[in-house]
Amino acid sequence: MDKNQACYLCKGCGLGEALDFDNLEEVLGESGVSEVKTHDALCSPDGVALIQADVDGGVNAVLIGACSSRVKTDEFNFGSQVIVERASLREQALMCSEAEYEGEETAGEDRQMLAADYLRMSAVKLAKSNVPVPFKLELEPETALMVVGGGVAGINAALAGAKAGVQVYLVEKEAALGGFLGKMAKLAPETPPYQELEDTGLEELVAQVEADGKIKVYTGNTVDKTAGAPGNFTVTLSGGDTFRCGAIVQATGWLPYEPEKLADELAYGSNPGIITNVDMEAKAKAGELGGLGAVAFIQCAGSRDQNHLPYCSAVCCTVSLKQAMMVKEANPEAAVYVIYKDIRTPGQSEEVYREAQRKGVVFIRRDEDYPKISESGGKLAIETMDMTLNDTVEIDELDMVVLATGLKPNNPKVVDAPLVALGMDQEAAKKLAAESKAACDSWSVLNLQYRQGPNLPTLKYAYPDSHFICFPYETRRTGIYTAGTVRRPMRVSQAVEDATGAALKAIQAAHAAAEGVAVHPRSGDMSFPEFAMQRCTQCKRCTEECPFGAINEDEKANPLPNPTRCRRCGVCMGACPERIISFKNYSVDMIGSMIKSIEVPEEDEEKPRVIILACENDALPAIDMAARKGHKWSPYIRFIPVRCLGSVNLVWIADALSSGIDGVMLFGCRHGEDYQCHFIKGSELANVRMSKISETLDRLVLESDRVRVEEISFNEVDRVPEIIAEFMETIEEVGPNPYKGF
Amino acid sequence: MTYFLYPGCSLEAGGSHYLVSVEAVAHALGLTLKEIDDWNCCGASIHYVGGTELQTKTLNARNLALAQKQGGYDIIAPCSSCYIQMIKTAHEFEEEPKLAEELNQILAEGGLNYTGGVKVRHVLDVLYHDLGVERIAAAVKKPLDGVKVAVYYGCQTTRPYGEYDSVEDPHTMDDIMEALGAEVVPFEHKAKCCGSGIFFTEMETCAPLAGGILGEATEKGADMIVTACPMCQMNLEIYQSRLNKILGTEYDMPVVFVTQLMALAFGGDFKRDAALDRNIVSAAEVLKNAAA
Amino acid sequence: MGQSILVVGGGMSGVSAALEAAEAGYDVVLVEKNPYLGGRVAQLHQYFPKLCPPYCGLEINFKRIKSNPRIKLYTMSEVTGIEGEPGNYKVTINQLPRYVNERCTACGKCADAVEATIPSSFDYGLGQIKAAYLPHELAYPYRYVIDPSIVETEDGAKAKEACPYDAVVLDDAPKETIEEAGAIVWAAGWSPYDASKVEYYNFNSSPDIITNVQMERLAAAGGPTGGKIVKLSNGEAPKKVAFIQCAGSRDVNHLPFCSTICCLASLKQATYVREQLKDAEVTIYFIDIRAMDRNEDFYTKVKADEKISFVKSKIGLIEPGENGVLVLNGENTTTGERFKAEHDLVVLATGMQPNTDLSKIPADMVYDEYGFVQNAEGIFGAGTVRRPGEVHVSVQDGTSAALKAIQVVAGR
Amino acid sequence: MATKAYDKSFREEVYQNVDSGEDVKLCMQCGVCGITCPLRDEMTHGPRQLWSLIRAGKRDEVMNSPDIMLCTSCYSCKVRCPRGVKVIDVMHGLAHYALEQGIVPRKETSKFGKAFWDSIYKTGRVDETEVPMRYTMMAGPIHGIFNMLEMMDIGRALLSHKRMKFKIGPGLPPSKKIKGMKGLKKMLNKAKAMSPGKEG
C-alpha cells in the first residue's frame, strides 16, 4: 500500500510548555515526516477532527505525539486501514523527567532530546509498519466442534455448543455416555435448600444428546489422530471415522487416585471392608448399603499428602457427606463417622455439612497422621488421634471403612523442558522432561500431530491449563480447551458450567480462525508471522520455542507455520538467528531500525544512552503508572515496547551496543513456576537467551553488565525508578560504550 | 394504645417498685395496660430443674393462649426472665409446626387453644419503638440533670433474638436515659451477666460477675445503676451487702429501674409513682437534687 | 445476530461474559455501577495462590474491550427495570452524572483545585480523597469523577475553572436509557459482609481492627498507606497480627454459607505481612482451613513459615487491652485451653454477601435463602451472585453465562 | 494407648431423652460457646467439650460434670452459636436429665429449683417469699433455721421496703392459687408425658 504519512503533536497536559515544537518538527522532517500539525488538546473533539479530516483526505499513516497508547484509544482510532503510531511524549518524556531536572541548565535539553528520540523511533516504526492482512485458511474454515469425553462435562459441552447452533462431534471411549456420572448413585445437594440428595439426571442428558440433530456421538472410540490447526483440524478416530472440526473441547474427566498406593498407610487391600469412595458409590448404586451398622469415612486418603497427591481434590468432603447420608438413609440407626483434617464444604454446601450432622453423622477431626485400621473379630477398628478430645481413640465394631481418595486428571503430565529450565536444578528438569516424554509416548488423549508432541502441556500436576486464575480456559494449544475435572478438581454442578464456558471458547476459536484473527490474549490481531523461507537454516529454534506449538516441521526440518494456532507473541521472531520471521507491523528490522535511529551523543558530552525493551502487557503499564505517580528517572532512558520479551531478538542488543548505546535492559514478566507471562514462556526464554549473550558481548569486547533482564510486575510501580537508577549507576561505573561514534 | 401486662411473679414481690413505676410511666404516656387474667408463672431461669422444656413451654403457651383469648394485644413483660421465656415459646411456636401441634394438644387439656401471632414485647421495646425517644423527652418535666447513670441491660433483656435492640451492644435504654436528661457513663458491662437465675444459689461463684458490674459502675463515677430486669436489680442490690462480704468490697451503689427514673422525671411522686422509697440502697440523695 | 446481550456488572464475571460474547461475534451492552471496570478484584493487591497483581489480567481484558467495537459500555449505571421476555427485553438503565466528559485527560488539575475531601470508597473508607478524583491509578476508563457533594459548591466551580480541556460539566444530570437485549447476564457481584454486625468483634472500637478487604488496600501500592502495612491507630508497623476466619461466615446468625475465599485470602495476606515485616508474627484463628485444589500447595507453603501459626478456635470476643493492644478471647479446641491472646492488628476475614441479597434483580427471579440467584430462561446469573467463589470460577461462570445468553439470541 | 470411644449408645440416649439434645449433632466444634460463657473460668469443660464428650460416648464424664448445672441462662452462647445450637436448652436439658437419673450436679440450685416447681404445681405462680423459705428449710430443720437466720437481714430489708409479703412460716397461710390451676396441672402432666424420653 502507498503510505501517506502525517504527524500530529499535542501541546496539552504541559507538553506545550515543556518542549520546543519547532525543533521537534525539524526532527520529524529529518526522519521523513514532513507533514506535521500541532494542537493544544489533540484528544479533544477538535483535535480528533483535525486528524480525521486529513484521514478523509487520504492520510493513512498517522503518528501521534501525545500520551501513552494505553489511553485515548477510542479517540485515536481511525479504522483498521489507518496505521496509528503513538509516541508517548507525556508519560515517557515529560512526566518522568519534569521537576527533578527543572532549573538545571541541561534540563530542557535532555528532555528535548528524549522527545526527539521518541519521535524518531516512531517515525521509523510508522515507516516500517504495514496494514496486516488476515490469514485465510486454504480450505473453507470449519466451525464444528469436537468434544472428547462423554461424561458430565463432555455431554454438557456438546449440548451447549449444539444449542448455540454449532455441529458437534462427541467422542467417548466407553460404549455408553456418562463417564463417572453414570457410576454415581446420587449427587450431593446442589439446589436450594441444599439438603436433599439429587438424581444424577444422566438419562435426561443422554436423551437430549440423542435428540439433538447437531450432535454426532461416537461411543467406543478414541482419537487416533488430530491433525491440522484451528478452523481446520482433521480427526481420525480409532473406529476409522474421520471428520474436520474447527476447535476442540477435551473433557476427559478424572481418574481415581490408585488406592493400592495406600496399602501401607491405610491397609487398603487387606480387608474387603476397606474400600474407596468409588467402590462405595458403586455399592450405593447397587443398593447394597442396607445392612451397614457402622461405617467410617477417612478423608484425605492420599490427598493433601506430599507422598501421594499434594493437592486437595476439592470434592471428597462433599462426596463423603453424600455417602454418609446415603448410609443413614438406608439405615437411620447406623453409626457413621467422618474422620477429617478440615471439612471443606465451600459456598452453599456448608448446608450439606449441617444436613449430614442433622442426620447424625459424627465428625472426628484427626491430625496429619493417618488413622490405623485393623481387623478384630470380623469387624474393623480404627485408632486415630481425636483433636477435639485431644486424645487417641479407638472406634471399633465397624462394618466398613471408606477411603476418600482423590481425583487425578485423566490426562498425561507434560511439562516441557524449556519451561523448567530456569529456577530448577538441571537434573530435576531433565528428569521431569524425560517423564513427560515417556508419558506422552505411552499415552495420549488427542494424539495431536504437532511438532512439540501429541498432548496438551501441563503445569505442575497433570492439569493442562496455564493462567489458571485469570484465564482458566487457556491451554497452551490454540483452539483446544479443557473442561471439567481434567482441568481442575470440581463438583458436578461446576463441571456443567465449566463445559458450557469451554464450548463458548471453542466456538470463538473456530470463529477467529475463520476470520483470520488471533484469540486471547491478542484477540482480534490480524497480523501473523511470515517466514522468508529462502534464508532458513533449519535450526529448529522457532519450532521448539513456540509456546503454543504452532509450528510444525517437514522432514528436512523446515518450519511449517500454522497461523491459526499462532497467538502472535513473536517468540519465533525473537528466536530466529537468521531474522527471517516478521509480522506486517512488527519485525526484527523495525525494532532494530528504531534503535539505530536514536541519536547517540558523543562520549565527551557525558550523556549516556540506555534502551529498555519493555513488555507491553505488564512492564509498559507499570512505567506509565510510575510516571503518572510522579516518579522521576534519568532522561537518558529510551523505552521500546515489545509484544513479549520472548520476541526480543538478540540482534537488537548487538544493534544497540554497536551503535553506541551504553546499556540495554529488558523489562518482562515473572517467570518460573508461577509465571505471569501472557505468552507462557516469553519472559523465560528471554532470560535463557540473555544468559547466553556474554558470547556476543565478548565478540564485541563489551562488558556483560551493560545488559540486564528485570522482572517487573504490573503493580511494582515504585520499583521502576529504583531499577533504572541502579542500572544507570552500573552504566556509569562501566563507563561509556567504546563504540560511540563508530 | 392497649397492651397486656404480664407482671410475672417477680413484680408481685421483690420487684414491686418496678410494677408501680411501669404503671405510672404507662399512665403518663397514655398507654393502657391490662393484666392478663389468671396468668401463671413463666418458669423462669430455673425452670429446668423441676420441669422439662415442654412443661416450661406449656406454662408460657398457656399465658399466650389466655392473651389471645382475652383480646390478643401485644404482651408487655417487664421482667426479662419472663420476657425471654415467653418470647422463646412464641417464636418456637411459629417456627416449629411440630411443637405448635404438641402445645395445642397440651393446652386442650385445660380447654385452651393457641393459634399463634401474639407478640411478646419487653417494656424497653414498647417505650423505644412504639412511643419513641422524642415522646419520652417531651414528657419530661423534671430532667435528671447531673445524674450519672450506668445503664445495665443484663443478659436476658434483649436476648436471644435481638428483636428490638442489639444483643451484644444495646442502646435503647441509654437513649431513654439521655432523653430524661441523665448523663450516661460508658459501661462495658452493659450486657454482661450478673449471675441471673443461679445467683442466689451459687453466690460465691457468681460474686465476681456481679462484682464486676458494681465495680465498673463505681469506677466510672456512676451515681447509680439503671436496669430493666428485676433479677438484676435484686442480685445487684438486695445482695450487695452480701457481695461486699464475699468480695471484701464496699460498694454502695443504688440500682434502680429505668421506669422509676422515668416516673420521677415525668414529674411523678417519689414514693407513689416512682416507688423509689422501696430501694434498699437508696438513690434518694442524688435524685432529690436532680429532680427537685 | 441482530440482538444484543446485556451484561450487568463490570467485575471479573461481567467483563468475562461481555468479552467472550463479543469475541464470538455478538453485540454486548455492559452496565457497571462504579465509574470504572474491574469490580472487587481491582481493589485487590494480589491474587492467591500466585501472588500476582490482578491488573496483569485486567489490563489484557481492558485491551480486549478497547479494541472491540461490539461492546457498548455504561459506567456509573444501574439497571432499574427489565421488561419483556427472553429474546426481547427492554432494559432501563439509569446513569448517574460523572460531571466529567470524554475530554478529560486525567491531568488532575481539578483535584488540585478542589479542597473538599470524601472517604475513599475504593479504599473501603480507609483514606480520604479529593472530591474530584480518579477512582484509582489504573482506572478504566481513565477519567476523573466529580463527587455530587461539591457540584453546587465553590469547589465545583473551582474544578470547572481549573480544567484546561473543558471537561468538567457541572450541569451533568442523571440519564435514563432503554436498551434492547435478547438476553441478560446478571453479574452484580458481592459486598463484604458488614463486620460491625458481628458485634463481639467490636469492629468499630479500634482502627486496628480491619477487614480482609481493607487489608488488601493497606498492602496495595496505590492504597492509603502506599502499600505499607501499618496500624492505623498510630502508623506503626504491627508486631503481632491476627486473622479471624469466618467472621460472619458459616454462621446461621450472619452468612450461613462458607464464603469460600476467606481462608486463602488470609493465607495470602499473611504473606503480605511476612514479606514486609520480617519480625512480625501472624496467627490465623480458624475452624477449618479451606484451601481447595491446588491452593493446598499455597497453604503448605504458608504453613512452613515459622512465624505464621494456626490456632483452631473461633474467636469469641475482641476486647481492648493496655496501650491499645487488642485482646482476643478464644478456646483452643484442640487443647481445650481458654486463652487471651494479645495482638496489635486484627484482620476480620469477613465473607461475601451476594449483591442480589442486598438488591434484587428487577425481574421475576428465584433466589436461595441467602440471596444467591437461580438461573431463569433469559436472565442468567454469573459469578458471585450465584455462589461465593474464586476469581477463576467467576471467569468460568461469566463465560458459561455468555454462552447461555448466546443460545437465547442465536438464530433469532 | 488408645481409649475406646464413640460407642453410640450415650449420644443416642442424649438425642432421645434430653431436651434439645439433638442440637448436639450440629456442633462444629468452633469453641465460641466455651469462651462466651460468663462462668467459663468456673467450668471444667464448657459446652463445646461436653458436646464432644457426648458424641464420643463419655457418659460418666458428662453426667457427672457439675458444669451442666452452672448455666446462668444469660443466652450469650445461644446468641453467638454459629450453628444455632440452643446451647442453654441443651445444658438445662442435661441438668434435668441428670437429676432424673438421681445425679445432683449442683445441690443448692437443685433444691431451689425443686422448691420453685413445687410452688408452680401448687399455685400456678411462684411466691418469692415462700420459695426461698422452702429452699432454706430443705437443708433440714436445724440447718434450715440457721440458714434462715443468715437470710434474716435481707428478709427484713425487703419487708421494710414493701418488697416482701409478711408471712409467719413456710406455707402459712397458703398462697392463692390461680383460677385455672386444675387445668394447668393437667397440662403440665400431659407435657411431662410428651417430653423426650418420656413418651409411651
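So that you can tell them apart, the chains are marked A, B, C and D in the order they are listed, and the count of residues begins at 1 in each.
To be clear about the criterion, a contact is a pair of C-beta atoms (placed from the backbone, for glycine too) under 8 Å apart; a residue touches a chain by one contact, two chains touch by 3 or more.
These numbers come from a predicted model, not from an experiment.
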{"item": "Per-chain CA centroid nearest to the all-protein CA mean", "value": "C"}
{"item": "Pair exhibiting more inter-chain C-beta contacts, B-C or A-C", "value": "A-C"}
{"item": "Inter-centroid spacing, chain C versus chain B (mean Cα positions, whole Å)", "value": "44"}
{"item": "Mean-CA-position distance for chain C and chain A (Å)", "value": "24"}
{"item": "Centroid distance [mean C-alpha coordinates] between chain D and chain B, Å", "value": "22"}
{"item": "Euclidean distance of C-alpha centroids - chain C vs chain D, Å", "value": "49"}
{"item": "Shared interface positions of chain D, touching two or more other chains", "value": "28-29, 48-49, 79, 83"}
{"item": "Two or more partner chains touched - positions in chain B", "value": "167-168"}
{"item": "For chain C, residues that touch 2 or more chains besides their own", "value": "200, 250, 312, 333, 336"}
{"item": "Chain contact topology (line, ring, star, complete or other)", "value": "other"}
{"item": "Chains grouped in pairs wherever the two touch, ordered by label", "value": "A-C, A-D, B-C, B-D, C-D"}
{"item": "Touching residues on chain A, where the partner in the complex is chain D", "value": "294, 335, 337, 343, 353-354, 357-358, 360, 362-365, 383, 386, 388-389, 391-396"}
{"item": "In the complex with chain B, residue positions of chain C that touch it", "value": "199-200"}
{"item": "Complex contact set, residues of chain C against chain D", "value": "200, 246, 250-254, 287, 312-317, 329-333, 336, 338"}
{"item": "Interfacial residue positions of chain D with respect to chain C in the complex", "value": "28-32, 34-36, 40-41, 45-46, 48-49, 79-84"}
{"item": "Of all residues in chain D, those that touch chain B in their complex", "value": "19-20, 38-39, 42, 69-76, 78-79, 89, 92-93, 95-96, 99, 106, 108-114, 116-120, 124-129, 132, 135, 153-154, 157-158, 161-165, 178-180, 182-184, 186-192, 194-196, 198"}
